[in-house]
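What follows is subunit A paired twice: with subunit B in the first complex and subunit C in the second.
Right, the complex of A and B next:
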């Protein structure tokens, strides 16, 4: 056994807890999880059955934590998990799993399958079986501060553009501000309209807010690759920044997994609750509107539909806010089939969009989103995750569909009534 | 072996061994599983009506939206044979009498014709789910010897019980002894196979429901 494999197996042993033991003991091999997974439904290949992706973890569980399994191991009757097996499983654990959690919604015995995949990735990564794309992104996140290599200068350039476009000076490192905004690299590089939209809404709402020079990046490659040590470092940066500036609330951006990382995994990674609140931008905007802090005027004339980012909705619990906000600006809003907590993933979550060798499979899996979209007849797709947005744009391009994909925050800002106090 | 002797053995020593392994094995498995523990969640929970471990324990018995049409046979077959097994085990006159003898507890039984019909439907449904396991690419891919073994361990008690009450195939004494033996085999293997789900699925559903309820997601 190599040292890295040894470490990987040790980590997997640490990862196995009572829920995982209960889940493996409950599985009846009914295969219904396959019917919930876009990688199976769109390819028809049984190897993409979610519970099958966990086979190495299941064997470690049986060999280490069950009486009969230990007995079989002692007598040399069971097959140990090997490096070549983990390498063979890499495309199943990473390329074909977006951690979307749809399988966990349907398992009749109640298994939270995505909880187990997330934990299996810990052992895969430490034993050297993570995809190169995610290794690179994680390295850049730790060393440079962002998975796409974005530095503070790029953020400052965007702040300058916003000032030129709107006349609004975006605060940086303003201690005592109520809100601290963090962003995804994608928003900084590809969708700069997000920052401008926030600046205008914050001004109208009369709220104090700030960016933080030491913690502007929200994404967390650590939870995608499955290395808690990296995830912890990245969360800690935000926690340190927020606590240094003594803000009341950190606003998670239009990025699904950044929300999961900070809101749900973060306190567990750093081992304590935060001294501040974490809200998704849509929760903040819905709250502002309910308090009457801003008004909108006019409507989008064309038919709109909304893509629920998995980590925000199914894995995050932000269901109603996007609908409340969309209704303010959309006359003809239609839901996709399976909308809400049963929505289908864009195919690029959980780090999949960063895995180059997964591209063909991802585009094949996108067929489900294509079909959902076609059913609605929508002319514009709104979403609230920059990664979903870019993955969907690529999918639409591939299938030659001409539907613009926009962020909800900027759509709302397009209808903002500015100047007069509501 | 003499039929009477065989019946006596399965009713005494055989039953003691089987019940002993079943009880100790189940206890051991439950301890083995649930003493592994679970770290507390430090994230501030969000509350939403309908999201809890308890809700999921019950809700998961109903197909989630969109799932029935994707695998109707799994749901229909699953419902029929599980309900059928429960009716046969707990509502047939012979089984209630047995339970009364062991515990003193009893309740009204269903007519034997109804139990017979239930047994036939249950057996037919179990054959259907077996064929589905062999035909469905995902189920076939996932299935191991243990899956077919667990199916046989569940099927045989129903089959032998039906044949015994109908006095078919073998003399009654022999068939009854085989019926009891098949139940004993089921008891012996239950804690160490996927049949253990009869106990753990409730906790699994609770864990899933509870974990996600903290995020305000009813699952």
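Right, the complex of A and C next:
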């Protein structure tokens, strides 16, 4: 679809459904969402107030769906939304919103502000006002199969690498396997240790699993840029792969958005239920441990803390599993302030880390994570999202804090008892 | 001593003292140093190759390598430049050589990262992924052990 203002406004009109209308009409302008937003709290700039970021959508709502707004429009008292306004709003809707959902949690009238931002992004993208970084990522996701341009050959190279490292053959396109593993491009490119950790745990648990040559990518750029059609294509690719291989469960990787996109939004996007289950890798590992399928030995001696990826804990409900797993390997585990469903975002979610222009703001917003970490006195930070991991590492490096950041799955694998039956 | 497979290679590495592990790891990283222009990595490798190194020097080298590693990550949503990614894994190999000992096999980790660096460079060149960095590492280790 060619980007144009008319199409964008048309999409915005379509996006205003009953929930959006009720959210706008019930907003009491209390400002609580501002205090929940890391971009507002770390800059103090009122333009970063979440509800303010929705101004173009509110204008369309008022002009199209309220009596007074329609009169105002007819009388020329309310001007239509313009291209220049949308361009002005681009940094507010994309650069300074990670879709973390903290604002939605505190809204006293229950407005899901993230849902509203997502709907606004739909119109922004169609009208040509999405950031170049996200446009490129979405194009590559559709055309190549990965937002970062990863092709199957790179995945196979990593499979070979893991075989060399662990001696374990990674199954590919194994029909009838119980589990199908999907990965984020971040894990394929930056963190080969993730696949190695999975291979070792699966072997010890005695579970059949596979990668899929036609659906190895988990990241959903369509959700991030705000184009449901793209999100649908990317979900459908995974569904087709899983159904072709007749797997029972698809394992979502250590990636926040991949999980919510596939598990919670996917069936609505494709318009039908799945024929398989979707679980986050931490849910799978916690289940394995409860079933006694693997054991661990030894503990991390130094103090650990855990960063909850927003999409996992706040939007996805995966709270207990990481803590259950951390108890297996951590002697001295401490929670960050606001841990769990009110945890602060790393600052790079929702596609923000793909937007080069957002880097300085992201680093400024990171100060809240830095402060949380300093309070814990932790010597290692564990997380369960490859994007959070890199964003946090960059933030720590920027602020000269030398704390290792590691993935939970590989940390667990480091303590895996291998060879003997549990 | 001749090494021609990963089993013997890993076993030989695990028998090394921490200082020998560091020096062997540095040699694996050095063999792929051509894949990066980051001077911090070169400096780290030079430090890691020393017979003896002070805690202060180790700390500085670690910070250099860590910064080079973080700077060279491919960020989420960015198109992967496999040449730059090769540089990232060279940094990771250098970092493995001077990481605080944690009971693992840092020289093996460095070797694995160096192989990933070579693989990335092959992808960047459009030459598939096959390479013989493993054979080069067998030779490097044999020379190190025989020296």
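Operating definition for what follows: the second predicted complex is superposed on the first by the 419 of 422 C-alpha atoms of A that agree within 3 Å, B and C clash if a C-alpha of one lies under 4 Å from a C-alpha of the other, contacts with A are read in each partner's own complex, and residues count from 1 in each chain.
Everything below uses one rule, namely that a contact is a pair of C-beta atoms (placed from the backbone, for glycine too) under 8 Å apart; a residue touches a chain by one contact, two chains touch by 3 or more.
Every value quoted in this text rests on a predicted model; they were computed, and no experiment measured them.
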item: Which of subunit B and subunit C A:276 touches, first, second, both or neither; value: neither
item: Which of subunit B and subunit C A:39 touches, first, second, both or neither; value: neither
item: Subunit B versus subunit C as contact partner of A:264, first or second or both or neither; value: first
item: Which of subunit B and subunit C A:49 touches, first, second, both or neither; value: first
item: First, second, both or neither for A:397, with subunit B first and subunit C second; value: second
item: In the superposition, subunit B vs subunit C on subunit A residues touched; value: B
item: Partner chain(s) touched by A:31 [first = subunit B, second = subunit C, both, neither]; value: first
item: First, second, both or neither for A:115, with subunit B first and subunit C second; value: first
item: Contact set on subunit B toward subunit A in their complex; value: 28-29, 32-39, 41-44, 46, 48, 56-57, 60-61, 64-67, 70-71, 74, 78, 136-144, 147, 192, 194, 196-197, 200-201, 203-209, 211-212, 214-219
item: Subunit A residues touching subunit C - in the complex, by the definition given at the top; value: 133-134, 136-137, 140, 147-150, 153-154, 156-157, 160-161, 164-165, 184-186, 189-190, 192, 219, 221, 224, 348, 351, 353-354, 386-387, 390, 393-394, 397, 402, 414
item: Of subunit C, residues touching subunit A in the complex; value: 6, 63, 66-67, 70-71, 73-80, 85, 88, 104, 112, 115-116, 119, 123, 128-129, 134
item: Subunit A residues touching subunit B - in the complex, by the definition given at the top; value: 16-23, 25-32, 34-36, 40, 44, 46-47, 49, 51-52, 65-68, 104-112, 115, 263-268, 271-274, 277, 314-317, 337-338, 341-342
